[in-house]
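Each of the next two complexes has chain A plus one more chain, namely chain B in the first and chain C in the second.
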Partner chain A sequence: MITLQLLVNGLALGAAYALVALGFVLVLNATAAVNFAQGDLVMAGGLLAVALAPHLPAYLPLPGLLLLPVVLVLMAGLGLLLAAAAYLPLRRRPPVAVFISTIAAGIILQNGASVLFGPEPRAAPPLLSGGTLDIGGLVVAEQSLAIIAVAALLIAGQQWLFGRTQLGRRLRATAQDPEMARACGVPVTAMILVTFALGTAFAGAAGLLLANRYFVTPTAGGDLILKAYIAVTIGGWGSVPGAVAGALLIALFEVGVSSVLSYPVALGLLYATLLVILVARPQGLFGEAARRRA
Partner chain B sequence: MRRFLSILSATAISAVFAASLPPGAARAGEASIPVLVPLTGFLSLEGTSQRNGAVLALKDAPAGVAVRSEVIDTGTSPEAAVTALERAAGGKVTAVAASMLGTQMLAMLPLAQDYGIPLVTVSGTASITEQGNPWVFRFFPGDAVTKEAHARYVAEELGKKRPAVIYQTTAYGQSGKAHLEQAFKKLGVEPVFEEGVDPAAKDLLPVLTKALAAKPDVLVLHLHSGPTALFIRQAAANGVAVPIVAGSAMHQPSTAALLEPAELKGVCAETAASPISGGSPEVEAFTAAYRAAFNAEPDAFALGQYDGIRMVLAAVQDGAGNAEAVRKALSAGTHQGLAMTYRSDGKGNMAHSAVIVCYDGASRVPAIAKRYDNVTGVVR
Partner chain C sequence: MLRGVRKWRALAPTLTLPRWAGEGIGVAVLVAYALLYASPYGLRVLTVAGVYALAAIGFQIVFGLGGALSLAHGAFFGIGAYATGILGSQWGFGFAATFPVSLLVPLLLALLVGLPVLRLESHYFALATLGIAQVVHLLAVNSPGLTGGANGLPGVPGIVLFGWAVPRGLPLAAVVWGFVALGGLLAWRLARGRWGRALTLVRDDPLAAGTLGLDVGGLRLAAFALSAVYAGAAGALAVHTQRVVSPEVLEFPIMVSVLTIAVVGGRGRVAGAILGAVLLLHLPEWFRFLERSYLIVYGVALLATIVLAPHGLTGLLDRLFPARPVPLPTPAAPPETAIPTGPLLRVEGLTKGFGGVRAVDGVSLTLEAGTITGLIGPNGSGKTTLVNLISGVEAPDGGRVLMGGTDLAGKRPDRIARAGIARTFQAVSLPEGASVLAAVAAARLERDGSIAQAEAHALWALERLGAADLAARPCAGLPAALRRRVELARALARQPAVLLLDEPAAGLTDGEKAELAGHLRAIAATGTALLVVEHDMGFLLPLAGHVLCLDQGRPLYAGPPEGVRTDPAVVAAYLGEGA
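Presenting the complex of A and B:
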């Protein structure tokens, strides 16, 4: 029974990590730039939910669920600002310029959050309820199930957007070859802005989901960006399924392996596995476009 | 936004000290006490408490003592702390409210000795008072004190003999674990489970599961704030009946705020003091003043730093006219603070008391369950 319980917890954690990693991959694909502010954007999404929660009318049920679309929209706006401030002015410069500018943006977000919200850990409202379900002895937090459901919906939505819509095709064209896309009439700058907005909205959703179950502090983003980076490296740079698989693998080590061995040993094994994957498949488990990008 | 306003008000308070003092005005004593603490970075929660405690003490300076002060954020790097101390040392300094981050303190110590500036801190890092540096004064009990209280409460008050010890893999966690081990050994208690947890670990169910598999009769935590709350929440959700005695992070109001009162039922924690638990009119007045000034709840770090700065100001009021005189007063004197009586053990360790607080499940304000004084036997 406890194994099942750990499995559900691991899936929930992996799903939230996947959202972080997907936002990272989106920007990477569209711009070939690594957005090192992605973890801090997750933190910003969590604290945004914390800040908005008290302003919801008390009679409204399910504050977390109601906040989700609001957080998605506001974070998308923040993504546009980030693109305008940290990417567009530097896109014709060497990649390291964007690299540094996103780190700077992350530090600004961290310190801004620290000034506005204080350093203490906060909890966002639960998506459905903060309770647990007891299913024949299997104790599952409702938030864990909500995280899995929301992440699955957002990931499926992203796949639909990219695979079935005109906007998605333009985004993919921009990702594959911006110059050719521009020559074909695709508004590349607009597509880049949309990408940043989407990636940041994903980060916001992850922030809201994680901040209830695992709390949020202004400095929480540093660890998340590292995990997103590892997930993307394991899965293959640029690969959406790879990012999801990488995120789930990290969660499997953090929850599954650490339940048998100790957490530090599990973490060591995760990095050892990463090394093995990089040696055996330098492009990652699902990588292909990544080789070209990297 | 309220946090932003409280920071503005704290800055304004600092500015008022300086602005309200006419240069050369006759005073019983004058003190310049810069506050050099981490307000950003991973220690900002504790550093902010430290800053607030110092600022409140300076605001409440005794009659006849004129105070000049400025607050400088040291971040979390040793270089920033040294730069801040260099900057502060440019003027005539009476004492410094110095960072609670051990690595910053270790970097500041040689400089403090060169300049002859007493450093008044609530840092818990044991080695800062093991350098043979006469300019450091720690107004917070180190792990040698608090972990002895922690272990004694578990073994003597609760009568538990099979603790499972779960600690953080950071320097903070390792130090606490080492002292817990020694204290339990002295009490003839052998932990049935010990495991370190990385602060980045998101899910603590794995370690909880393994700990319970060892059939402990008590769960002893030494974790940072977020992981403490997460562990207790997961234990409550899983109906764990084994009592929990946590580290000092649990006494912090911001940690309790993450949990429902019912989740806290029966949970205890060690700490230097718990100002929100009251205990005396003076402590309650401090708590009320802190809430009014910062729109937040005080913790033991705030109270420890408050007491430390009050001891410096008392020395100035008693005639200590320069840094050397303040150092002598801190080294040899006794101070009845709000949290405890402070007296140096000869190395600058001023605090020798700890308390155990417990939650009743009805509120997030703990009650003091047990007080341990003179734990090191140094206070005479």
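Presenting the complex of A and C:
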């Protein structure tokens, strides 16, 4: 029973991580740029939810879920801002320039948050009522199920967008080969902006989903960007399903090891695993083709 | 307006400021500030600025010169700080013992993790080093027995130099800045010398650096390790200044500060590290109203600099006060390397596969001294792969590359280059930030004793190709034909026994091709064996004494050039079956 419970917790955490990693990998594929601010964007999404929650009318139910569309839209706007300030002016320069500019963006977000909210951990409103469900003896937090459901919906939405729509086809063309896409009449700059907006919105959603269960602090982004990175590395650099699978894997690992030993040990082991994977198989556990693009 | 600028530019060289003017004025301002205006608090800020300057000078070596965005620099800083903190406050050791240990521990860790991690490309490397930093931070917070855990260790003793306990205030600031001066001078000399030049070439073009005889891995590791020593020294001094050590010294903001200082000051420049440190440590003082969130200023400064002034403040200063052109050296022929006669290079049964495709499949050839061999074949037949295998850019799956009885197959490119093999690339790559002379001189860094010598030899190589007039021009913006000429000069400057050329005539006009053919004949006449990959038969066939034609990685024809046009197999391969 306890293992099942851990499994549900792990899946909930993994679902949120998957959104983070997915946003990271979408931007990476479209621009070949490593968005180092992705972790801080998650934090920003969480704090946005914290800030917005008191403004919801008290008689409305499901505060967290109602905030989701607002967070998505506002964070997408932040993504556009990020692209305009930290990516577009540097697109003809070596990748390290964008890497540093997104580090700078992350610093601004992190310290802006610490000025506005202070360093204390804060909790966003619960997605549902905050109660538990008893499924045949298995007590599951509604929150966990809600996280899994929302993340699954968003990921499915992303799959549908990329797989079935005209916009998705253009986004994929841009990710595959920007020069070729431009030659075929795809407005590449607009597609890159959409990708940044999407990636940032996903980070923000993850922030909202996580911020009730795990609390949010201004410096929470540092660990999250590394986890997103590990997920992407495990899943094969550049692969979207790989990133989702990698995120689930590290979350299960984290929850499992934390329950037996401790969270710092789990974190330490994760980073050690990252180093081993990088050195032994930098192209990721399941990927090869993506290596050259990155 | 433009005329005014031009007039001013023309006047500028006549305003002969001494070479040290900029640095001298800077030092004078700093000293005057410390002596005359600085309050106790101001001196403290200046001391901390010195600590960061030292860390940033180290960061310039690995990031600025070496081009590796190491995010472990903050960790090395913290480890140096903890070494001093633990030994000083727990074990009662003095500065004379703790300071060397604070340099040594980061150095050892850098050597340990550097070997595997430095092989990674840009962002893999950055995030791997960030992972290292996070692990170190976790260890420090979670081993309270050793590090005092989250609370840290109080009671770190002050600096004692030769029996003199350095008091706080001006003396401490002076001692810290003394270390900055020492470290800065050392780094400045290294950066301007052969080692620094080699490191910048490794940064700009690791592939070419290897084929020019430079040990890419060794240079990167040395830069990483040296930067760790600087960080450790800065960490130790930081703890002596604060008298306590806590996990804060391992947190990301330190790394951010150092990165910001280096980028805002100007990448790769010692003066940039010092200027950036003084400026950025004082910025929060000027922006007091922001209180503890001074890091926002850092973030904005970093973002603004990377977008608006990619070469940082020192880059802007360079544009205001352009350096006077350095006079060209007197060309000098490098010492003759005796090239033996007869077969120089023997390739036997060389094989290489990518995935399921055999790119090179059992190729053998012999290059005789003083001859030109043509290597032809349709696109994708394995010509460039063969050149890559011989020069060590790629490792063969099987076969031998024999030179003077030594099998070079699978050896590192720099080992192969030192055995006397030079090459050019199909897509010419030159370090865009360098002058033509510096780019060619890179070929001599591994052999010559000084930069001056290397440049004299480089000018000789340029002269031999009739390109001496290019020497002072920047590589950036050079037309394709001239780029090829410069690259050939770079290969020639190595005085190779064997020269591998990958499509040297691509994109040249007929006149330029004829000129190139003359140069290649002259090179062969000195005894060098040439292997020329080329599509242009009109250029190659009159030039080559022997031709090898590949098709799908296999030798299709080997013999005199006259036979190529009539050989049915070659014709079929080029024109398709049944043509």
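The rule is short, and it goes like this: the second predicted complex is superposed on the first by the 263 of 294 C-alpha atoms of A that agree within 3 Å, B and C clash if a C-alpha of one lies under 4 Å from a C-alpha of the other, contacts with A are read in each partner's own complex, and residues count from 1 in each chain.
Following the convention adopted for this analysis, a contact is a pair of C-beta atoms (placed from the backbone, for glycine too) under 8 Å apart; a residue touches a chain by one contact, two chains touch by 3 or more.
Since the structure is predicted, the reported quantities are computational estimates derived from the model, not experimental observations.
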### Message
With both complexes overlaid on chain A, does A:132 touch chain B (first), chain C (second), both or neither?
### Response
first
### Message
Just to be sure I read the superposition right, which of the two partners does A:114 touch: chain B = first, chain C = second, or both, or neither?
### Response
both
### Task
Kindly classify A:89 by the partners it touches after superposition: chain B alone (first), chain C alone (second), both, or neither?
second
### Message
Contacts for A:9 in the overlay, against chain B (first) and chain C (second): which applies, first, second, both or neither?
### Response
first
### Query
In the superposed arrangement, does A:279 touch chain B (first), chain C (second), both or neither?
second
### Task
Go through the superposed model and pick first if A:223 touches only chain B, second if only chain C, both, or neither.
both
### Message
By the touch definition at the top of the document, which applies to A:174: first (chain B), second (chain C), both, or neither?
### Response
neither
### Task
Figure out whether A:35 sits in contact with chain B (first) or chain C (second), or with both, or with neither.
neither
### Message
On chain A, which stretch or stretches are contacted by chain B in one complex as well as by chain C in the other?
### Response
110-111, 114-115, 219, 223, 264, 267
### Query
chain C touches which residues of chain A in the complex?
34, 85-86, 89-90, 93, 95-97, 99-101, 103-108, 110-112, 114-115, 219, 222-223, 226, 229, 264, 267-268, 271-272, 274-275, 278-279, 282, 294
### Query
Okay, in this complex, where on chain B does chain A touch?
1, 3-4, 7, 39-42, 44-45, 47-48, 169, 195-198, 200-203, 205-207, 209-210, 225-226, 229-230, 237-239, 252, 254-255, 257-258, 260, 296
### Query
Along chain C, where are the residues that touch chain A in the complex?
67, 69, 113, 116-117, 119-124, 126-128, 130-132, 134-135, 138-139, 141-142, 252, 256, 259-260, 263, 290-293, 295-296, 298-300, 302-303, 306-307, 310
### Task
Please give the residue numbers of chain A that touch chain B in the complex, ascending.
2, 5-6, 9-10, 13, 110-111, 114-123, 130, 132, 139, 141, 210, 214-215, 217-219, 223, 254-256, 258-259, 262-264, 267
